[in-house]
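Residue numbering begins at 1 within each chain, and the chains themselves are lettered A, B, C and D in the order written.
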Amino acid sequence: MPAFQNLAQLEDLARRRMSKVGFEYYVGGAEDEVAVRSAREAFGKWVFRPRMLTGGGDPDMRLRILGAEAAFPVLVAPTAFHGLAHPDKELATARGTHDAGSIFTASTSSNASLEDIAASCAGPKWFQLYMQRDRKVSERLVTRAGAAGYKAIMLTVDVPVAGRRERDLRVGFHLPPGLDLGNLKVRIPKSGQRNKSGLVGFIANQQASELAWSDVDSLRGLTKLPIILKGILTAEDAELAVRHGASAIVVSNHGGRQLDHSIAPLDALPEVVAAVKGKVPVLVDGGIQRGTDVLKALALGANATMLGRPVLWGLALGGREGVRAVLEHLRHEVATSMRLLGAHRLADLGPQFLARA
Amino acid sequence: MPAFQNLAQLEDLARRRMSKVGFEYYVGGAEDEVAVRSAREAFGKWVFRPRMLTGGGDPDMRLRILGAEAAFPVLVAPTAFHGLAHPDKELATARGTHDAGSIFTASTSSNASLEDIAASCAGPKWFQLYMQRDRKVSERLVTRAGAAGYKAIMLTVDVPVAGRRERDLRVGFHLPPGLDLGNLKVRIPKSGQRNKSGLVGFIANQQASELAWSDVDSLRGLTKLPIILKGILTAEDAELAVRHGASAIVVSNHGGRQLDHSIAPLDALPEVVAAVKGKVPVLVDGGIQRGTDVLKALALGANATMLGRPVLWGLALGGREGVRAVLEHLRHEVATSMRLLGAHRLADLGPQFLARA
Amino acid sequence: MPAFQNLAQLEDLARRRMSKVGFEYYVGGAEDEVAVRSAREAFGKWVFRPRMLTGGGDPDMRLRILGAEAAFPVLVAPTAFHGLAHPDKELATARGTHDAGSIFTASTSSNASLEDIAASCAGPKWFQLYMQRDRKVSERLVTRAGAAGYKAIMLTVDVPVAGRRERDLRVGFHLPPGLDLGNLKVRIPKSGQRNKSGLVGFIANQQASELAWSDVDSLRGLTKLPIILKGILTAEDAELAVRHGASAIVVSNHGGRQLDHSIAPLDALPEVVAAVKGKVPVLVDGGIQRGTDVLKALALGANATMLGRPVLWGLALGGREGVRAVLEHLRHEVATSMRLLGAHRLADLGPQFLARA
Amino acid sequence: MPAFQNLAQLEDLARRRMSKVGFEYYVGGAEDEVAVRSAREAFGKWVFRPRMLTGGGDPDMRLRILGAEAAFPVLVAPTAFHGLAHPDKELATARGTHDAGSIFTASTSSNASLEDIAASCAGPKWFQLYMQRDRKVSERLVTRAGAAGYKAIMLTVDVPVAGRRERDLRVGFHLPPGLDLGNLKVRIPKSGQRNKSGLVGFIANQQASELAWSDVDSLRGLTKLPIILKGILTAEDAELAVRHGASAIVVSNHGGRQLDHSIAPLDALPEVVAAVKGKVPVLVDGGIQRGTDVLKALALGANATMLGRPVLWGLALGGREGVRAVLEHLRHEVATSMRLLGAHRLADLGPQFLARA
C-alpha cells in the first residue's frame, strides 16, 4: 500500500495500477455522471459550527447496528467484481474490513462465493441481494447467506434496469478470462454475442426488473434475517420501507450509476430521516471521502455511512492491508474532526453543528 | 451513421462533416448565445426524486396529440435549410422521423417543397408557418399544407425581426449554389448586394414583422387545421393563445436564435402550464439532449418535447438513417430513465418526481 | 474603424492600437477590479420575458431629458483624457456622439477645453464637474460651461479621494508630453516628484475632498443649469439628491474605479428608482455593452443609460467615425431587441419584461 | 522589502524567499483547505452601499481596546515560529507592529521568548496561551506574561487536537536546526522518532486536549489580566464566553488550520455579535487582505480585525520594516475605503453600508 494523506489521492493511484476496463467500471457512473459529482458536491453545501471547551478525551465512535458492532460509523458498501482489483477478490476486502473494525457487505455480484467470503472473515457481514428474475435463485441466495452467517440481507431496490454507463460501453466492459461470478451460475455470452448494453446490462437482465413492495413482503417470508433496503431517496419510499418491515434503510443513488440527475443522497437524507422518525436506522452512501463528510451525514440524521469506491482503491493498491489502511485512515479523520467539532459520542451529533455554506 | 453513446457527441462529429457555413448556421444563436446556453442549463436546476419498487414492465411512452400518435414524447421541431446537412434535404429527415415513430414538422424555410416532403413520408406531419409580408403568400402556403396532408399549422410568433446571429455575419452565411427555398419563389440577392444582416435578415424581411393576435384570428379563417403557436414564453401570452383559439403551444426561445437573454423555455414552462390550465397541449423545445431532459420537461407539465439541432446532426451524419438513430437513441434513454424513475406511463410524470438542485 | 460585430470585441482591438499607459488607464478599476466585473455581471442576473404578436413597426426609441432630445436611450458618460485615445481628443468624441444622435458629457478632466468641445459639436452637451479644492476654480468652470452652451452640470459625487487604481501604479500612469488638461491650469509635477498614488491621485488632490450636501446647494446658487448628481448608489442618497434640488441622478460606481466592492449600479437601480418616485430622471452607467443591457436597465426603471469605455474604444479605433459607429451599433441592437421583446416605446418597458435568471 | 501594490501579491513573493518547509507551514490549512478558502471568500458575499457628500476629512481610525490604543482596527494575530521567516524572529514582528501603531500578539509557540519580545517592543502587546497538559507550565507562562508587561492573555480554544495539515505531512515539517521554542523547554524528538502527525502534532500533544469552560474560570484565578478567547464560532459559545468572564472574543477558524469545513469567521460574526450584545469587544480574523475586508467586518459588528499570514509574508520579505510596510499599506487602504464609503469614524460603520452580493 503506497503512502497517502487522504482518500482523494487513491483514485489516481489506483488508475495507474488497475486494468483500464476495471478502473473505468469502478469509477464510472450513468450517462453524464452528474449524479456522481452531485453526490460528492452535496457535502460542500454544509459547514460546521464547532463548539469549544467541551472537555472530554478520545471520542467514542462505536456504533451498534442490527445487533452488530462497528468501531466507527463507516461501513463497507456492497460493490461488484472485486476480482477486477485484486486476485484475492472479496476475501481480501472482507478481511481488511474486519481488521479495521467495520462491517463488510458482500455483493450478489461478487467474484468470490458468499461462503468463501464468510469463511475468510470472522467479523460481522451483511449480504447484498439483487432479486433475480428466477425467484428460486433469489431464495437460494438468501438461504445460503443465512447459513453462512451473514447478519442481514441488504436488498438493492434501485436497479429495475441497469443504468446507462457510457464508460463501460466505450471500453467494452467485460470480465477478464478466469473471473467468474462467485454466487451465480450464469453463462456469460462471449463479447461478440452481447448487445449494446454490455455485460452489465446482461447481468441486470437476469435480475428481477418488476420488483415491487410485495416482493419485500415475500422476502421477509424467506428469511429471519433483518432486511435492509438500499437505494431509497424519498420520504414516501422511506415510509413504505418502514411499513413493509425493513429493518434499516440505505439512502443511496447507487454511486451515481443508475439514474443520472438523481438527487444527491445527502440532500435526500433529511427528508428520509424525518419520515422514518427513528423507527429504523438510516444509512447513507455516495461521495464520502473525508471524516468531515461522515460527520455531516451523521449531523443530518444518518446513523452510519457506507463507503464504496475508496475501499476498492485500497483493495487495488494493497489488498487486505490496503482496505484496512483506507478504513483506518478515515477512522482517524473522523476521530480528529469529532474532537475539533466538540462532539464526544455519535449521539451528540445533530443539526446544531451545521450551517448552510 | 458513426457510432455514438449520446447526443452530445453528435455536434462535434457533425462539425467535421458539414460545411462551415452550414454548421455555424445550425449551431449558432443570437448575439452572445447566452439564451442557447441557458436553455440547456435550465435542466440542471432540477434533480429527480425517483421512486422504487413500483413494479411494472416496459414503460408506455405513447402520446396522442392533435389526433396523431407518437411512439414517445419527442417530436421533431421545425428547422430551416436541411439541404445544408444532406443532399436528400427534408425528405430524409421526414422519413427518419417516421421510421422512429415520431412526428415531423416541416419548415416554411425548407429546401424541399412541402409537397415533396409530404409525399416522402407516410407518418403524421405538421407544417411550420412564417407569416409572410404578402399575406396572399401565407394563404397559399396554408392551403397547400392542408392539401398535402399536414395535420396542423405551427405558426412561429417570435420573429418580428431576425435575431442578430453574429456567427452568420462572421462567416457570411449564404445558401450554396443549387440550394433553393422549396416553398417560396424568392429571388435571393447575390451576396454582394446583401446588407449587413445577411441572408437570414433578407428572408426575415419577407416575413410579416407586424404580426399581431388578430393575425392568429385571420389564420383560423384560412384553415380548418389546428393551429399551434410556437415561441410563447409567458403566462400572459399563453392565456392569449388559448383565448385566440390556439390548439397547442410550443414554449420556445427559438433555440436561442432570436432574443438573447430570453428566459429559458424550461424556466418559462411552469407558468405557461399554470396559465393554460390543461385546455391545450403544451410542448417545449430548447436544449434537450438526454432522456432525463425529456422527463424533467414532462414532470414540469409539458405534454411533449421537440428536438431541433440533434436531429440536424443526425441528418448530417447519416441522412434518414441518422435521423432515425438519433431519435431511437433518445427513445431508449427516455425508456431507461422512466424505469429508473419508477414512472410507467407519461401521465404518471409530475412535479413529485423533481426537487430543486 | 475596423469591422466589428459587437462592442465586446472593441476592447481587444483598442488594446492593440493604444499606448499601454492609455489603455490601462481606461480599462482599469480600483484594487481588485471586483466592482468593474460585478457591474457587468449584474446584467446576467436578469432574463427577459418577451411578449409576442404585439404588432407595430420600428420601435420609438426617442428620449427627452432635461430639455434635450436623444435618438435612443444611450448617452455618453464623462470620461477623462481623450487625448490618450486620439489626436482629435474630445472634439472627435463630441462630434461622433452628435452624429449618432446622442448627448455628449464633457469631463472636467478633458484634454480639450470645454469651449473647443462646445464649438465643435452642435448637439446637446452636458458638462461634468469635479468640484475643485479652490471653489473659485469650480465657479469659473460652471460659468464657462453655461457660457459655452452646455445644458446641464453633472456633479461627480463619488471622488472624495481617488480610488486605488493599481494598474496605474504598475504602469506609472502619466500624461504623455504635449497632452495637457484642457480646462484647468494645473502644473503637473514630473513623474520623479510624484507620490505613490500617481498622477490620478495628484489631480484628485486638487479636487474638493470634503464635498457635502451643502456644496450642492451652493452649486445651485452658481448656475441656472440643471444639476445632475453622478455616483449615487443608495436610496438614502437618492432621496437627499431630490431634496437638494438635483434635476437628475446617475446611478454609477464610477466604472468600478473608486470604491472596489461597491454595489453594482444595476443592483442599486431599483432602490434608487423607488426612492426617487419619478420626481427626476434616473440614469445608470457601468458595464453596458449590449442593447439587451440597455433594455434591462430601462425595464428596472432607468430613464436612460450612459456609455463609458466602449465610446473610448471607438474613439481610439476610429476617431469621430468610430464613436459614431459604436453608438449606432448599440442603437441597432436596442432597436432589434425592443422588437423581439415586444416593446414599442421606451415607456412600455417595465419589470413585467424581466425575471430573475 | 520589495515594492508591492497589495497584500495578495506578498504570498508569491514570500514563497520565493522562504524555505519550502517554512512557507508550506505558514500557508497551509487543514485537509482540503476548504476553510482557508471559504474564510477569504466570505468577504465576497457582501458589497458596499457607499454614501456620498458626507463632508469631513481624514477618517478617524483609532481604536481603544482593553485599555490599549491602536492606530487603526487591524491587530496582529498570534502565529507560531517566526524564526521560519526571519532571523530576528518575533522581535522584528513586534517592532514592526509597534512602528505601524498596531498591537502585537505573541504566541506561546514563538521562537523568541516572551520576555525578549516584550523587551524589544514598547507598544501594547498581548500574549497568546496554549493551555499546556501540565497546568503548572501554563501557570508559569501566564505569570511571566504579566511580569513582562503583556496587557492581555489570549487563550486559544480551538486546538483540543492539532488539525490535519497535509502540507506539513507531505513536506515533513520540522523546525530547522538552531530554532527552538522560545517559551517552553520541550525536548523535540528527532524526525525519525516522530509519528505521522509530525512536529505540530507533537507540540499539540503537549497541550491540554481536554480544555473545558472550567479551565477558563481557573485561568481567571491565575491572572488579573483580561482574558480574550480566540476561536469562537457560534452564538452559544459567545454567550458562554461572556458568562465565564472573557474580556473579548476573537471569532476565528484558526486560519483554516484546525477543523476543515468550519464556518467562515465572517459568516459566524453576525451571530456572535448578536449574542454578545456589546458586553465585550468582538474581533475577527481569517482571510483579511484588503481594507475593504476590514470595513466589511466592522460593518458586521466587529470591533477590530486581526491579521495573520500577510504579517508573516512581510516579515519574511523585509523583517521589521516589512511588517511595518504591510500594516501601513493596509492602514492606507482602510483610510481610502472609509472615505469612499462615507464613514468618518469606526463607530459610523454598520450594516447600513452593506448589501448581499
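The rule is simple: a residue touches a chain if its C-beta (ideal position, glycine included) is under 8 Å from a C-beta of that chain, and two chains touch if they have at least 3 such contacts.
Since this is a predicted model, take the numbers as computed values, not measurements.
Participant: Which neighbours do subunit C and subunit D have in common?
Facilitator: none
Participant: Hey, how far apart are subunit B and subunit D in touch steps, shortest way?
Facilitator: The fewest touching-chain steps linking subunit B to subunit D number 2.
Participant: Does the subunit A and subunit D pair touch with the same residues on each side or with different residues, judged by whether over half of the numbers are shared?
Facilitator: Mostly different residues form this interface, as fewer than half of the numbers used are common to both chains.
Participant: Would you kindly tell me how far, in whole Å, the mean C-alpha position of subunit C lies from that of subunit A?
Facilitator: 60
Participant: Give, as an integer number of Å, the spacing between the C-alpha centres of subunit B and subunit A.
Facilitator: One centre to the other, that is 43 Å.
Participant: Can you list the residues of subunit A that touch 2 or more other chains?
Facilitator: Subunit A, residues with two or more chain partners: not present.
Participant: Can you give me every chain pair that touches, using the contact definition above?
Facilitator: A-B, A-D, B-C, C-D
Participant: In the complex, go through subunit C and note every residue touching subunit D.
Facilitator: It comes out as residues 31-32, 34, 38, 157-158, 160-161, 163-164, 166, 169-170, 209-216, 229, 231-234, 236-237, 240, 258-264, 267-268.
Participant: Inside the complex, what are the residues of subunit A that reach subunit D?
Facilitator: The contact residues of subunit A facing subunit D are 5-6, 8, 44, 46-57, 290, 292, 296, 333, 336-337, 339-342, 355, 357.
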